[in-house]
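The following pair of complexes shares a single chain, chain A, combined with chain B in the former and chain C in the latter.
After this line comes the complex of A and B, so read on.
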């Protein structure tokens, strides 16, 4: 259907983005491209549209569709192909919607004469098709509805090639299932060829027929999806598969590192809210309702929930960044003043944050080392050579090369930025480290390295970790206990091992079902497709 | 062969981590700007004649390089004398407007309720700039500082609005929050985090304001509100000599060109700067 031959793309400073990549998408089949960040997955996906991002250029190779090399087509012809035959759904599908267009116009724009009417398309993505809904603008829709409208647009032109770029990273499980069924429909009815770009191996195992593993622009392994994901040959593929968090893999029972668990931090009946919007349209969001939990010294407590369940607000209340409506936070049995400016130096140092976006948490005009030193000076009162010594210690503790501390934040990779942020938090010698979705922006290999680092630091220092995440599979690898948040309420607190085997609240069961598991998905697919050649046991 | 390519990549990568490179176009623009600023400031010292000295009959194109003006004075000398007000007034006024607007904008961005500041600015923003200048002239007379004051008053609403928009994401950024969490004082956060990150966008905006200021000064001169004789400026020279454009066109073209040569490099530099900021 569409074929990429020997594609070579270079970026700024002649950096290699893709090197000699050849893949071919077959009608009715799904090919998955997996790999860490910077592997060139998105560049490959965009190349199928005959597009290379500004700052990059195609050096060699071709992309053939219908006997034509896309890169040699005139712009008008290329645009026609993109409109009529190839659909691309980017990482954040809602971002493809023009804010000033109504729902019906957004879908109509993509529709061909032979497509279903707009109303039917909306019903296909399980959206209402009545007039009032069709007249809405994107900002009047929920995120999930926006994603569905974007999907309706993607299928409106009955594409023959469908490119999905990290479709599951920002989408909740229900929408994920819908997307999957839409892809299947396109494949079966129209014989569409699909390229799935993802670092979530479980969703790849569910959807893909074949897999190519990309590493720094090169294909290091290719083959049938079940084979590659079950018995990878290449060392990088092996690392990818083993780094992929898996809820179904049993973890050795973890005990807190201290003999008698003394609560370091206690949240008692904490409620918090914030106001969204202004004036008459303002809405009050109850982000936390009577949330109570303990955090013992040397313990990792995972706070799990969907986006919007109030996880981050609770973290902000603990840190004194958000006023609690009611309730108390105790540190070592002493009441913490609710607001940051009322806390003294010791209290401030005791709870430190590792943020979701580490790059944004460092001043872009100063070096990363400077940011860490600043925390050393403010929280420990060290300066001059004492601070320099401490900085070197911290960098070693987070395994960051000293030379990197002289760089500015945007000059570091995502993993390095996160290490620097951890070093800065440790500079305060805190008792509690609040990690707010710190692995979301990282690929699975770097993600598991960061988690290993945190565990090692915990063993060395006995620090307590509050690990906030929506990734239950990842949390279950190293958290001692888990708390499940649903719409601001803690619905369950349990030891991780018993939680995984026997969840109590219905919301917990839902989360467990949705949690990513490569082994479970592989097993399910293998039993469903008995006709496939048996894969060798590892 | 391959090792050569590898070395190249390493060398280039090293450059990226260094300071931002300055493009040759920027250098040329800066040189032009600097040259005209020096000419404007030190022109009176090198002028062949005094600004009021009559050297020939009116509009004599032959008498010197640029001929004579409507009263028979040397155009070249008057060009060299007339640069100061049109350079100094906008520079001083833009600097002050950017400073005041910056303070107001940062305060507005830092305060939760910023309606008071911004609504007052909105009221000022709708008054036409030349009207402000005329009212002030009527009240205080035609003087350099009044012109500067007019420029400041008409610029502040825009510098405030711009600095508020530029400061808002900085004040609510992760790094300012991080600084607050370790107990850094508001003054230190302002000095270390806010001002350095705000400086570039504000400078880009100041460039555009500067051009607006030049045009206001030139327009005031053209409308006859230039500094009183014997002093002169390029704007008044254009209007004084426009009647004799057929006899000695240079008497009008030369001051117009000077305004252009002053504004174009500033405009282009501000654009380049704004693009860098956006990146």
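After this line comes the complex of A and C, so read on.
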């Protein structure tokens, strides 16, 4: 259907983005491109639209669709092709909606004469199709509804080529299932060819027929999806597969941190709320309702929940950044003042945050070393050569090249930024490290490196970790205990091992079912395929 | 829908109230500023040879002996009743003095504003749509050169070349004694061109930046990748996002045209409000200065209010916010 031959794309300073990449998308089949960040996956996806991002250029190769090279087509022809035959759904689908346009206009403009009417398209993505809904603007929809409108746009032109760029990274399980069924529908009804770009191997295992593994712009392995994901040949593919968190793979039991757990941090009946909007339309969100848990010395406690379940608000209350409505936070048995400015230096140093987006948390005009040094000075009062010595120690502890500390945050990779952020938090010699979704922006290989690093630091220093995440499969790899949050309420607290085997709350079961598992998905697909001949024979 | 209407009503009432409050504040500052202008009006009117007795009488007549707040109160009260007072120099009513210049300036400013808006928006769309393209660079360089030349030089060149050398248009923009600039529209051409080159280039640069920012938004890129026609991308996806910042830029043209056009007015001998104000400041004619100042301030404030309102209407998010 569409074929990429020897594609070569270069970026600034002639950096290689794609090198000699050839793939072919077949009608009715799904090809997945997997690989870490910077592997060139998105560049490949955009090339299928005949598009190269500003700052990059195509040096060689071609992309052929219907016998024509997209890169040689006149502008008007290319437009027509994109309009009539191709659909592209980027990483954050909601961002493709123009805020000044109504739902119906957004869908309508993508329709062709032969497409379903707008109302029917909306129903296909399980959205209401009544007039009042169609007249809404994107900001009047929930994020899930926005994503569905974006999907309706993507299928409105009955595309024959569908490009999905990290579709599952920002989408909840229900919407994921819907997207999957839409892809299947396009495939079965129109024989659409699909390119799936993803680092989530479980979703690749569910959807893809073939897989190409990209590493720094080169294809290092290709083959049938089940084969590549089950028995990868290339060393990089192997690393990718083994780094992928899997809820169904039993973890070696974690050594109990101490015989008699001593709680370092205790949250007792903490409730917190915030107000969304202003004036008459303001809504009070109860982000935490009577939340109580202990964090023992040397323990990792995972706080799990969907987005909007109140995870971050609880972290902010512990850090003194958000006032609790009621309840208490105890540090080593002593009551902590609710607000940061009332806490003394020792209390502040004791609880440190590693943020979700480390780049934003460093001053862009100063080196990351300066940022860490600032924390050393403010929390430990060290300066001059003492601070330099401490900085060197911290960099070694987080395994960051000393030379990298002289760079500015944007000059570091995502993993390096996160290491620097951990070093900055450790500078305070804290007793508790609050990690708020710290691996969301990282690819799986780097993610597992960061998790290994945290475990090592914990073994060395006996620090307690509060690990906040929506990714149960990841937490299950290294958390001792888990707490499940649902709409501000802690519905279950359990040891991780027993939780995985026997969840109590219905919300826990739901999370467990949705948790990503490469092995389980592979097994399910294999048995489905084994069943086929059996059915045919009978 | 009702939420939208409710919002709009609340918005309008709030805006009107803030308009009145701002004008009051401006009137206080204006009154005080004129008060603190150096020199004694009575002395200036009567000349340096006036006797102290005559000065005292005149001061009494002009109420100059009352405390400043009292005189402000009197002035405000009579102004609110429609009595703008009279010139301390000629005893003409202020109304009679400023009526013609105000009309002249209004006509010049309106024509110039329309031209500036058209020039700025077209250049900005051309230059901002595809940042880094050849067109974009040409627009950048041209507008930067136009902005950096002072308007009196542009006006001077226009007069000497188009007015005197070629003789196509009048070099001096005198308004006929019976009539408005519109009865001799050719006198408007050179002043409008001078103002539009400077204002249009300045506006184009700022709006180009807003358009270029909007062009980088993910929904605009998505629209391009969806293969929509370039005009649809431009008018439905890109420009609506650039409207609020652009109208703010255009609002800045109002002070430039209402008060700041004095240089151009002078060069073309165009009898506008700016020229009149400068003359009256030299004469220390407080009642006239105050009224002209107030008119200019009101125009500028209304200009920004309109810009805010357009920005409000252009943003569904603000319009429908609860």
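The rule we apply is simple: the second predicted complex is superposed on the first by the 528 of 538 C-alpha atoms of A that agree within 3 Å, B and C clash if a C-alpha of one lies under 4 Å from a C-alpha of the other, contacts with A are read in each partner's own complex, and residues count from 1 in each chain.
Here is the rule we use: a contact is a pair of C-beta atoms (placed from the backbone, for glycine too) under 8 Å apart; a residue touches a chain by one contact, two chains touch by 3 or more.
Note that the structure is predicted; figures quoted are calculated from it, not measured.
**Q** Clash or fit: what happens to chain B and chain C when chain A is overlaid?
**A** Aligned through their shared chain, the two binders clash on chain A.
**Q** With both complexes superposed on chain A, which partner does A:250 reach: first (chain B), second (chain C), both or neither?
**A** Neither partner.
**Q** Who does A:189 touch here: chain B (first), chain C (second), both, or neither?
**A** neither
**Q** Considering only touches as defined above, state whether A:96 meets chain B (first), chain C (second), both or neither.
**A** second
**Q** Looking at A:109 after the superposition, I want to know if it touches chain B, chain C, both of them or none. Which is it: first, second, both, neither?
**A** second
**Q** Looking at A:375, would you say it contacts chain B, chain C, both, or neither? Reply first, second, both or neither.
**A** Touch status of A:375: first partner only.
**Q** In the overlaid three-chain picture, which partner chain does A:319 touch, first (chain B) or second (chain C), both, or neither?
**A** A:319 sits against chain B, while chain C stays out of touch.
**Q** Given 187-195, 259-267 or 313-321, which part of chain C has C-alpha atoms clashing with chain B after the fit on chain A?
**A** 259-267
**Q** For the complex, give me every residue of chain C touching chain A.
**A** 3, 132, 218-220, 222-229, 232, 236-237, 240-241, 314-317, 320-322
**Q** For the complex, which residues does chain A have touching chain C?
**A** Within the complex, chain A contacts chain C at residues 46, 49, 51, 54, 78-84, 86-88, 90, 92, 95-101, 105, 109-110, 137, 139-140, 153, 277-282.
**Q** State the interface residues of chain B toward chain A in the complex, per the touch definition above.
**A** By the definition above, chain B touches chain A via 5, 8-9, 12-13, 16-17, 173-175, 177-184, 192-193, 196-197.
**Q** Show which residues of chain A lie in contact with chain B when the two form their complex.
**A** 13-15, 319-321, 340, 345, 348-349, 352-353, 355, 357, 360-366, 371, 374-375, 378-379, 407, 411, 424, 428
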